[in-house]
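Consider the two complexes below, in which chain A is the common component and chain B and chain C are the respective partners.
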Partner chain A sequence: MAKAKMLTGCRASAEGAKAAEVEVICSFPIRPYTAIMMELAKMVANGELNAEFIHGEGEHAQLSVVLGACAAGARAFTGSSGVGVTYAMEIYSPMAGGRYPAQMAIADRTLDPPGDFGSEHTDAMCTRDNGWLLGWACSPQEVYDNTLIAYRVGEDHRVMLPQMVCQDGYFISHIPDKVVLGEQSQVKEFLPPYRPISPLSLTHPVSHGPQIRPDQGAPMDAQRAQTFLAVPKVIEEATADFGRIFGRNYDPFVEQYKLADAEIAFFIMGAHANTARAAVDRLRKQGVKVGMARLRWVRPWPTHQLAAALGHVKAIGVVETSTSYGGAMRGGNLIHELRASLYDLDDRPLVTSFMGGLGGETIWPADFDHMAKVLTQAVKEKKVRNYVQWLGM
Partner chain B sequence: MQAFDYKYQQLEPVKSFKRVPGPEMYVPGHRTCAGCGPALNYRLVAKAAGKDTIFIGPTGCMYVANASYLCTPYAVSWIHAQITNAGAVASGIEAAFKVAMRKGRHAGPFPNIIVMAGDGGSVDIGLQAMSGMMYRNHKVLFICYDNESYANTGIQTSPMTPYGANTTFTPPGKEIPEGKTLFPKNAPQLVIGGHPAVKYVATTTIAHPLDLMNKVRKALSQPGPTFLHMLCPCPKGWKFDEKMTREMARLAVETGMWSLYEWENGTYNYTNVPKKYKPVNEYMQHQGRFAHLKPEHIAKMQAFVDEKIKAVQRPIPVAAAVPGKQ
Partner chain C sequence: MAKELPGYGTIDVPKDRVVPFGAVTPAPVCVQNMFQTSNWRIVRPVKDDEKCTRCLICYLSCPDACWVYKEEEDVMEWVNNFCKGCQICIQECPSGALTAAPELDFPDGVVRLDKPF
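Showing the complex of A and B:
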């Protein structure tokens, strides 16, 4: 096996795209994801990657360029952060509806105002209902791996959907960590070339995206919903294959850390899971029966897998790194879907949430101690006192 | 970048109507209004471009009234773009074919990649994407089929709507008697003035079909981005008798409301210049959108046109320097 290199998440993302031999790349600068494009620009300039590198005039154009490229049969790659992600909002739906399996790398950043470079998941979470596959990594290695896994899943003919491969800005995107890059033979075995379905062609004329009548809309929506039911199996296959070929094994949907005998658990995604793991170890030494569940895919949301992983726990603290102002639980996004996922259990865990890491704040080990205390108290009182509380204030 | 032969098509001019290519690439299946200028225009463009063509159709009349599911009128490949992003989608398609040819997946010829955008999709909400495509030197022909309004949504003003027009967003009233108070953008000048990669820009109308087809063929034979501005009268939006569509375009040229020209590597070549221009009212009087105007408003339009046609006698030098003629 190749030796590990110290790479940032951005570099790992670019290496993943290079390994996937992406053919059309569209860039626009915004921190912190920019470094991904800087790396790819060098690879194209040096002749390491046979691709068209296009300077989009904004994120809306970035998405539009890769949509066109994908429709014409190319494997396409783009990316963004923060308000860049939301500037492109119009194009997410046509991209998914047109079944163009291009990939977007996201290094999460807060939305304005005020201007803040810090990491926060709200940017990509805003797009979650537009029909993309949406997954989060918690290390540069996982960024590299998810880049390949997402292409394999998205381009599968049972799926044909665009993918977002997200990483927390700075915490992952700019802090080097050990990354083992795949051998060309491994990548070749894992990721077949993109096989477009009815691409724009001179020999077989096709029409992409004509107008439909209102009565044709629901069947198409239903077909997409049906596709999403089939995606989990494809993700499972791809993740298992990835483990077999590359020797790195992931739980396809939920990393389960010391959950088996846990009474309380943190439910989290992204970079802060690394702190959570350390906190679990330390709290365990103090006799607290705590575990962690880390979400790897937000779309498709792993409803049953979460019920299976967390159903036995008595109280769950959702660590929210995105906002849902005025939402049912008055805090972030994840708690809504987690509570819904557990609703049909006979013996439901208590679920509360903690707003943390907003604006790029660090979630400290002491914050996890506090969360464990709140959860232990909830178990004792058999109820949660709040839907949400804000950490560090 | 290493040189690579992308096998760009070279389309010879069509000498006469008898030699116009037979095959139709814009075929029955659309449901445009009777007398639709843009539909007539589409047919001529598609015929001139031929089978090795891909159309990008941003939202507009030529999307909404043309491209119905399972019944599109295109005999060549076509893709919808948002009204905002035709230039960018075209850029991606062009890039994909370049890579496909370098990797040997597509043997050639390189497709004629044509954007068919309305005036809004070109120089209003679509301006950014069009400009980006042209700046980046993609081999794409961007056509603005100009029917002078957002027509399919019910005739709202666009930046190409003429002064004095009654649209549903510029209704004449007591306070604003002339309806639209602004004068339109100059679409070709937006392209010419700011895009060094563009070497060929031309204007034409559906009343000049041979001229139109040859400008399409000439534009498609260029190695880089090109722009055609085509006047496509709209009976519904301009409120004229639908059998007068071609007549409207002809009168636009005869009154100086519209000029036919080519701009090639920095040089203007005007054609169909009338010996004596007719008064603008000979054009305006047929159109219900101008019916509310008073003589002073028509005089204001005449003054605007008089100023504009001075450029026909003395072409304006281009603002941006144009490096070496080909």
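Showing the complex of A and C:
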């Protein structure tokens, strides 16, 4: 077994791209994800990675370049943070609709209110309805692993969709942690070469990205939705294969931490899950029956898996690290989808949400104590007092 | 035994409505008939062969390659199914041979079609 190295999330992401032998990379600077491109630029310059490294003139260009590269049959890689992610907004839907399985690494950053470097999931969450596969890692190791898993799922011919591999800015992207890199033989066994379906070709010319008529729009949408019905099985297969080959096993959709006998639970994704786990351990020592469910994929959303994992819990606190101003619960977006996932259960849990980790703030262990108190109270009163509460406000 | 939750159902796109995967099609030799784009036109260019000098400026200026020079008959031919009615050719024609006519004036005008082609 290879030795663990201390790597940041950005370096782990670059190592993942290198292991996947990406052929085209397109960069544009914005912190904190920039360090991924700095690492990749070094790898290309040092001859460790044989890839075309293109400087985009903005994020819109970055996405357009990888779309073209993918159309030409190359495994393509790009990334961004914060307002960079939203600047490229136009390209997300055409890229998924045209079935270009490129990958985008996101190191989360707050959208400008104005100008904040801190981490917040709102940037990539904005793109969630554009047909990409979207998931969060909670450690540099998982960033590396998800990079490979996402390529494998996205390039599967049952899927053929672009992927966003997200990590919290700074908390994951800039804090080194132990990472075991895969052997090239393991990567080769796990990730077959990218096989495009109808690439641009001089000998078999094709048209990509045509104008379609309104009556062709609905079937096109239906076919994209149909693909998403097939994705969960591919994710399950890929995650199981990953565990077999690399020896690191993940629950494909939801990490379940001490949930089996839990009465209350935190529902969370990304970096702050690490604090949540420690908080669960500490609260359990005090006799609180608490657990944690950590979401690994936002798209496709694991409706049934969440109902199975959380259905028996009495009260759930959704830790939102993104905003949905004016949304149904006036907090973030995860609570909407979690509540919808649990709605059909006969004895559904109480669900409330906590706005935390916004603008790059830390969610402290004491915050989890507070959340546990609110949840315990909800169980006692058999109702939640509010849909949302802002931590520290 | 836990209650069975609703599923996602199935999606069956009728065979005659299936769009090629990713809307990628074999490149056409001349015209791409699968995706025709003139159904939002409200006017079309009408040419006067007497005034037309066959200078080919319409051919050069059309963004959708909707003017073709027919060598045998020595006339310019207009491509109905792809002209979006942008009128650039009318603006550019140096001899005033092109005029804009409303689609309603034509029995096959796109505004009269129940279905787009």
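Convention: the second predicted complex is superposed on the first by the 393 of 393 C-alpha atoms of A that agree within 3 Å, B and C clash if a C-alpha of one lies under 4 Å from a C-alpha of the other, contacts with A are read in each partner's own complex, and residues count from 1 in each chain.
In this section, a residue touches a chain if its C-beta (ideal position, glycine included) is under 8 Å from a C-beta of that chain, and two chains touch if they have at least 3 such contacts.
Bear in mind the structure is a predicted one, so any value in this text is a computation, not a measurement.
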| item | value |
| --- | --- |
| Three-chain arrangement built on chain A, chain B and chain C clash or fit | clash |
| Touched partner set for A:Gly247, first chain B, second chain C, both or neither | neither |
| Partner chain(s) touched by A:Val206 [first = chain B, second = chain C, both, neither] | both |
| Partner chain in contact with A:Ala51 - chain B first, chain C second, else both or neither | first |
| First (chain B), second (chain C), both or neither touched by A:Gln216 | both |
| Which superposed partner A:Glu23 touches (first chain B, second chain C, both, neither) | first |
| Chain B versus chain C as contact partner of A:Glu90, first or second or both or neither | first |
| First (chain B), second (chain C), both or neither touched by A:His304 | second |
| Touched partner set for A:His60, first chain B, second chain C, both or neither | first |
| Chain B versus chain C as contact partner of A:Cys70, first or second or both or neither | first |
| Region of chain B that runs into chain C when the structures are aligned on their shared chain, from 7-15, 43-51, 61-69 or 115-123 | 61-69 |
| Interface residues of chain A shared between complexes with chain B and chain C | 204-213, 216 |
| Residues of chain B that touch chain A when the two form their complex | 51-54, 56, 63-64, 67-72, 74-82, 84-85, 87-100, 102-103, 105, 109, 111, 128-129, 131-132, 135-136 |
| Parts of chain C lying in touch with chain A, wherever the complex brings them together | 2-3, 5-6, 8, 10-11, 13-14, 17-19, 21-28, 32, 34-37, 39, 115-116 |
| Interface residues, chain A side, partner chain C - complex | 97-100, 160, 197-198, 204-216, 218-220, 222-223, 225-226, 229, 303-304, 307-308, 311, 344-346 |
| Interface residues, chain A side, partner chain B - complex | 23-24, 26, 50-52, 54-58, 60-62, 64-74, 76, 90-91, 94, 200-202, 204-213, 216 |
